[in-house]
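One structure follows; several queries about it will come next.
Should a chain be cited, it is by its letter among A, B, C and D, assigned in written order, with residues numbered from 1 in that chain.
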Amino acid sequence: MPYIANTDADRQQMLEAIGVKSFEDLIRAIPVELRVKGDLDLDPALSEIEITRLIHEKTCKNICTQAANSFLGAGVYDHFVPAAVDTIISRPEFFTAYTPYQAEVSQGTLQYIYEFQTMICELTGMEIANASMYDGASAIAEAILMAVRKNRLKKAILPESIHPEYVKVIRCYTEGIGIELITAPCAYGVIDPDALEGLMNETVGSVIIQTPNFWGNMEDVFALEPIVHSNGKTLLIAAVDPISLAVLNAPAEYKADIVVGEGQAMGNSMYFGGPLFGFFASKLDMARQMPGRIVGGTVDHEGKRAFALTLQAREQHIRRDKATSNICSNQALCALAATVWMSLMGREGIREIAIQSTIKAHYLADRIKALDGYSLAYPTAPFFKEFVVNTPIPAAKIIQRLLPRALYPGVDMARFGNDRQLMIAVTEKKNKKDMDALVETLVEVKNG
Amino acid sequence: MPYIANTDADRQQMLEAIGVKSFEDLIRAIPVELRVKGDLDLDPALSEIEITRLIHEKTCKNICTQAANSFLGAGVYDHFVPAAVDTIISRPEFFTAYTPYQAEVSQGTLQYIYEFQTMICELTGMEIANASMYDGASAIAEAILMAVRKNRLKKAILPESIHPEYVKVIRCYTEGIGIELITAPCAYGVIDPDALEGLMNETVGSVIIQTPNFWGNMEDVFALEPIVHSNGKTLLIAAVDPISLAVLNAPAEYKADIVVGEGQAMGNSMYFGGPLFGFFASKLDMARQMPGRIVGGTVDHEGKRAFALTLQAREQHIRRDKATSNICSNQALCALAATVWMSLMGREGIREIAIQSTIKAHYLADRIKALDGYSLAYPTAPFFKEFVVNTPIPAAKIIQRLLPRALYPGVDMARFGNDRQLMIAVTEKKNKKDMDALVETLVEVKNG
Amino acid sequence: MADMIFDLSVKGRRGVTLPKRDIEGEIHQILPEKFIRKEAAELPEVSELDVMRHYIRLSHRNHFIEKGLYPLGSCTMKYNPKINEALVRHSCFNNIHPYQAIETLQGTLEILYELQRDLSEISGMAQVSLQPVAGAQGEFAGLKIIAAYHKGKGYTNKKKIILPDSAHGTNPASCTLAGYEVIELPSRADGRVDVEKLKEVVTDEVAGFMLTNPNTLGLFESQIREISDLIHGVDGLVYLDGANLNALMGIVQPGKIGFDILHFNLHKTFSTPHGGGGPGCGPVGVVKKLVPFLPVPLVDQTDGEFFLDYSHQETSIGKVHTFYGNYAIMLRAYIYIKMLGPDGIRHITENAIINANYLMKLIAPYYHIEHQEYCMHEFVADGTLQKKGHGISTLDIAKRLLDKGFHAPTVYFPLIINEALMVEPTETESKQSIDSFATAMIEIAEETKKDPELLRNAPLTTPVKRVDDAHAVKILDIRYPINRQ
Amino acid sequence: MADMIFDLSVKGRRGVTLPKRDIEGEIHQILPEKFIRKEAAELPEVSELDVMRHYIRLSHRNHFIEKGLYPLGSCTMKYNPKINEALVRHSCFNNIHPYQAIETLQGTLEILYELQRDLSEISGMAQVSLQPVAGAQGEFAGLKIIAAYHKGKGYTNKKKIILPDSAHGTNPASCTLAGYEVIELPSRADGRVDVEKLKEVVTDEVAGFMLTNPNTLGLFESQIREISDLIHGVDGLVYLDGANLNALMGIVQPGKIGFDILHFNLHKTFSTPHGGGGPGCGPVGVVKKLVPFLPVPLVDQTDGEFFLDYSHQETSIGKVHTFYGNYAIMLRAYIYIKMLGPDGIRHITENAIINANYLMKLIAPYYHIEHQEYCMHEFVADGTLQKKGHGISTLDIAKRLLDKGFHAPTVYFPLIINEALMVEPTETESKQSIDSFATAMIEIAEETKKDPELLRNAPLTTPVKRVDDAHAVKILDIRYPINRQ
């Protein structure tokens, strides 16, 4: 049997030592009528040789983005992951450990989380960050809940420009617990400041601004922030692409109170959208309201610097139904990948990644909007690395026609209600040839 | 620049500290006229993103054996390598270390070599083994040279049944230093004992017996050994497939003096035939004549068990032109892979691998020989996991016709002088379906 | 020696090379100036070698499964097969995007379809959603399903969930998150649900009951039928916290014995790595009548063509994850199940249970064990003897174990056992390894008597000595003070 | 704690699962009984987890590049890029067989073709054979080429190879293996070839001259033209031991300055991992007139179709490897060269040289350095001051360095320097890392004076204390005494 160490002889000896005749004696507490009759209906066991072949067959039924020319984004991005990241995260020392409950034998994990927290603070300009959330979507939801804990105001404003999948998750997290979600309308691909102003009042606990927003556009945070903060109570929750922070404002610059976001793009492969991981940062005054694990510096009994989980009194294993969140297992290894990634990129590398993504995205947008029949959906909105294009034929048709060429031109916005739009993401991994190939085929398919 | 740590500022500081103005000052010893003018004619540098794409393109121009149904062998075998092997050998702790010169910080490497030596002794029945040779071919060559050191007899008998590529290497190693290689003829796919007897005399230093031999057949070692040892001087060098040793005689059983072989099949991927690694074992009385590194148990200054390189006085760095070999870097990481592999397989696993390979090979041979137009080339010789088949049309044609189906039916023996023979290897990785597919297509192609 | 990655930073040093730009452009020309960050984020400037050295050095400061036994009760720290790691890294798994055309994802969808099916079979449930990314999120999703079910039936008063006082902290926390009030039920003397007390608290307001089975004491809740009948009597639903499924697989199908909903922890039962705290995967399975409420999408097929099925969108609780959950973790569980087959699955359970009972037997003479009966895959001993006799706490015992090369058991949980030591050896440990862990535990019991100071000072051989948790809270040093350039 | 993998063995335990047999059969029926092994080989019977624990534990007992500076002179212990490791593990590289049809190998052959070309360009040679698997085998192949060349020209008396007394041990050993007699030439006071003395020994019997350049003292042999003219004067050939190519790339093309043959060490200069002792790769490059003698096959192409070229089979020295050499290592070197490009290649050299000179400068006040001039990529200091003054040997110094987290330099080589400490920092180390190594060296120089006992007892912090080599030879314990079942 795979992965079972004991031999029949071992088992026999152990049963004898326990003082029973057979395994059945050990499970007397399970009434016989509750037990499975016969075998489970599962495929027969495969050896390592056989599973390798089976998996090979399955992989042949996928066409991955390495073999394709892909412009898919919408929350999961194909940014560059140096091989060195996997060298670290594939070390059993990291990936087979669990939550660093015993600090003395978990300093490796504790320290990288501390470094991760530091880097997230550095990117966002915030004062405290936790050790990761499940994903960007649940991080926003938890931010709304934290805002409620902070100001007791159970209303949150969600603009239309937030990722629709995030909104689904946020709804699931906030429904049925008395939290009211109000949708703020957008105009020209960004939040309509007048409309927002109209919705604002003293009962609004938080306003979520995703920037770059779902469509890739940058919200005018400097115009919006005063509206949000006008009553002195409402909290501004910024949801950001961490890569954008290399060149775009740190949310602290526009006085965000809580900053969250999807971290996948930093060092984690796409993996069909999971694992992702959320980062979560805020001002220090909310430290005791934060969800999730937090690592702090401390000393050992000899006064040597050490790290430990801290502020655990917030957490479910201590506070139970009063905890700030139910989160226990988080996405630690993804945070490690991000930490290693940020270290490898460094101050300049992450900027270069952000800059190349921007420059290339704008080149492509410029070329596409010059094509007959195509136009930018939001021509007035500044965007970062992703943009929406109006298409002359349904986007689904374009996608289908480009399939045989393994060209994935972007996300079909039919998913989100507009069947003649494609959302196109560009990362530093794309080169001019890739983009020109897309442009050419867009022309062709329109006519074909 | 990739992999260069120093910044321009670092370099400037360092040059200043050294006391020179520029790098050029440091290479004054190189006459200007000897220096390269201009740039080397190499492709411009690629970033990690770009090289990944380039390599992806190259891999698409290969068709690997995972995507094919391959019966290729002839010295490199597609035996099962558990993933756990790579988990170990890809640890920087092992793969970025060098020869364990400083024993105190190389106990990991030293101990696995000691374990490797032990396992090789166990498989072969020999008393001492070294830490690896370049490959099976050069191991035979070195064995011949060791025999010469031992008995001063400069004649070696090489039967026709030895891998022709090995023979080329052996020739290269033994030519021009007064060693005479005598070819012993074969009959029915194995060494002709009468012919060997005819060649034997007191001037013969060694006889090499490869078993299973190049064609996969088992030499009748019990009949041959007395002939070799008849004069009391000639040494018997056995060249063996280590996997075969799980079920076939340990060479000690037939009184081999030196045992060598190709180790790739144990835990090393095929990699187009390299790296391979040779193992090399003998009786203890030849310990001081052995080529290559040897690890021994010892103690540290506190009496604690430790390991160290031993018998170094044989080696080139001490004995220079009097050394037992010129080998310095060897194939240590391949030996580690083999050690981990042997540990994972264990006593029973390696037997099962050998048994499945044998049973399956015989099934396939039985089916093929029943086909019209096909026959076994050596119907009377017992074989292990590989056999030669006479084909009704040139083997090259069969191979070409099966290419579009990604079926690699075996090695075209035209390489070795017979264009109507295929040599077919079977490992435990093949299943009945794979083999039946080969049988069916052999019928088809004959007619097509 | 520089300790923090930030300490290694040298202005201008680079850890990666990026492509030369093949498009002209200047960020300041492209983006409005006001959006451009004023001060760069001071990420460390280090070489690839620096990064490798730093994080490999950190890695050497961790305990991990391949270092030694990791008997963290409730966490099922079993061996994580290396073939899983190798196979999931295939480009056709890690380089696929969630919005690719379905035609380019058939391999992936087929795997997910089979995994849904296999987990359904193992649990005896009608259907499984793979979406929740952790056990706690599975609980949350499960509770939302309860709410959706009751809402669908028009209830407005079902505001309470009952759970035993031995429950894991995530259970009550998830209840709160889902908008439920928690009724904590004191356990019976034998460590199980007190069915009589339960009767007293079951009212029309009760939406459901959350139970871990075997419970966190490692004991099978034999009266599950009575319990579920009671709950079902008020149209409540019974939720199984499946953290302890390693004790049931192949022996009990929870969906067939009264449970309506359960979550799996693939990172426990199905051997996927814990990752230093995650990512995990917490699929939620339900009986037939609850299938319409599962998160969207599920994976379905027609004639061998696989697709993401959103057809129950209207009744569904919606989504708990941006996309489809932790796919990379699902892959590992898939491989694991395929390699085990029905016999292997049952074998896992048997060996987990034998190992736990054997270990319990070995240490029983030295440690108090409140519930003296055969355990399932784990058991709870405690340090009360040591505490009373010598002032040695369970924490001291735990720390001393670290010195002996083992991880400590889960400590001080479940809360209903004083000085709890919750031990789960798992089936991947051998008799010999359990023997040596028991030896260490016994040595510690001896040391408690002979040299209690040794324990109070433990650990002595770890990268740092005993860490001061309270100090961490006091100083709240949660980020490194980076030097700004 | 069990120390040897054999100690963990338990009868019947298995580390892998294998397919169930789908073909009937019994080995005893298939194979003649006499060929069947009588007693099983007692390989350990352990679980996969046992194996992982054991070898990971061993791994933690090694020094390696990612642990700290590894200044092993002559070995070029530079950082081994992780992208190389990732890319070579592609199934289309590691699962290809040397006898596959050429049509299924075009990617591989194209890479090898380009690598031959790139190495030719870097070395200034006409062609390169990638076949030799190590530097020493490259030497051997090179010497065989010399022999073949002379044989082709009808010489029968060319039996001698000259090499300096500073040469690496493999050089004379390879000469012997190739059937040559060695003339060892004493070096001049400045550490270089004594051209005057060379003239004295150059006769018609001389087949060639083997030189390392920069030589093993880290000094460039400036008179290489004079040397090669002398050797060429008797139709001898000049061989470059390319171990030190890290000092020349982009600055000097050996094939253009008088060398006829060289070997590369891809595992030094081209960043492929040393693997704990190998596998390496030692391609051999030659000038035009020697191309016909290169090992078979080379890789060639016509119209973009690549093939293995055996066309010079008749003149070739034949083969030194069963197939085509250490392909997996070549792949890494290929990737490395492609990522560097012409500028990068030169940059490597420059930084290697600057690092070495900087380090030499830092430690020069504390250690004797025989040859007081700028070095190339490495330099040789020595422990004679410490020896004379305090009886501290170079071995003591080396061992003490281990305590400080560094590997030791190459010691007692080259043989012409007493108490030699041969130091090669490589370009992948930063100024900061060199500073800390220098600090350690300086501390040791201080300790030599203040606490020599400390050095004699060093190392103190390593997994084992100073190892007794002599004892290893005495007891000759070279295999573990396995318990037979």
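Keep this in mind: a contact is a pair of C-beta atoms (placed from the backbone, for glycine too) under 8 Å apart; a residue touches a chain by one contact, two chains touch by 3 or more.
These figures come from a predicted structure and were not determined experimentally.
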| note | Label-sorted list of chains bordering both chain A and chain D is B, C
| request: Have a look at B-C versus B-D and report the one with more C-beta pairs in contact. | output: B-D
| said: Taking the mean of the CA coordinates per chain, how far is chain A from chain B in Å? | reply: 48
| said: Quick check: how many Å separate the C-alpha centres of chain B and chain D? | reply: 19
| Separation of chain B from chain C, taking each centre as the mean of its C-alpha atoms, in whole Å | 46
| What are the residue numbers in chain B that touch two or more other chains? | 1-5, 10, 45-49, 66-67, 80, 82-84, 86-87, 91-92, 428
| message | I need the residues of chain C touching at least two other chains; which ones are they? | response | 10, 12-13, 16-19, 47-50, 52, 56, 60, 65-67, 79, 81-83, 85, 87, 339, 428-430
| field | Sites on chain D touched by chain A in the complex | value | 10-13, 16-20, 47-50, 52, 56, 81-83, 85-87
| message | Using the touch definition from the top, list the residues of chain A that touch chain B in their complex. | response | 48-49, 56, 66-67, 80, 82-83, 87, 91-92, 428-429
| task | Provide the residue numbers of chain D that touch chain C in the complex, in ascending order. | result | 1, 8, 10, 13, 17, 47-50, 52-53, 56-57, 60, 65-68, 79, 81-82, 339, 405, 428-430, 432
| remark: The chain A residues in contact with chain D across the complex are 1-5, 7-10, 45, 47-50, 82-84, 86-87, 92
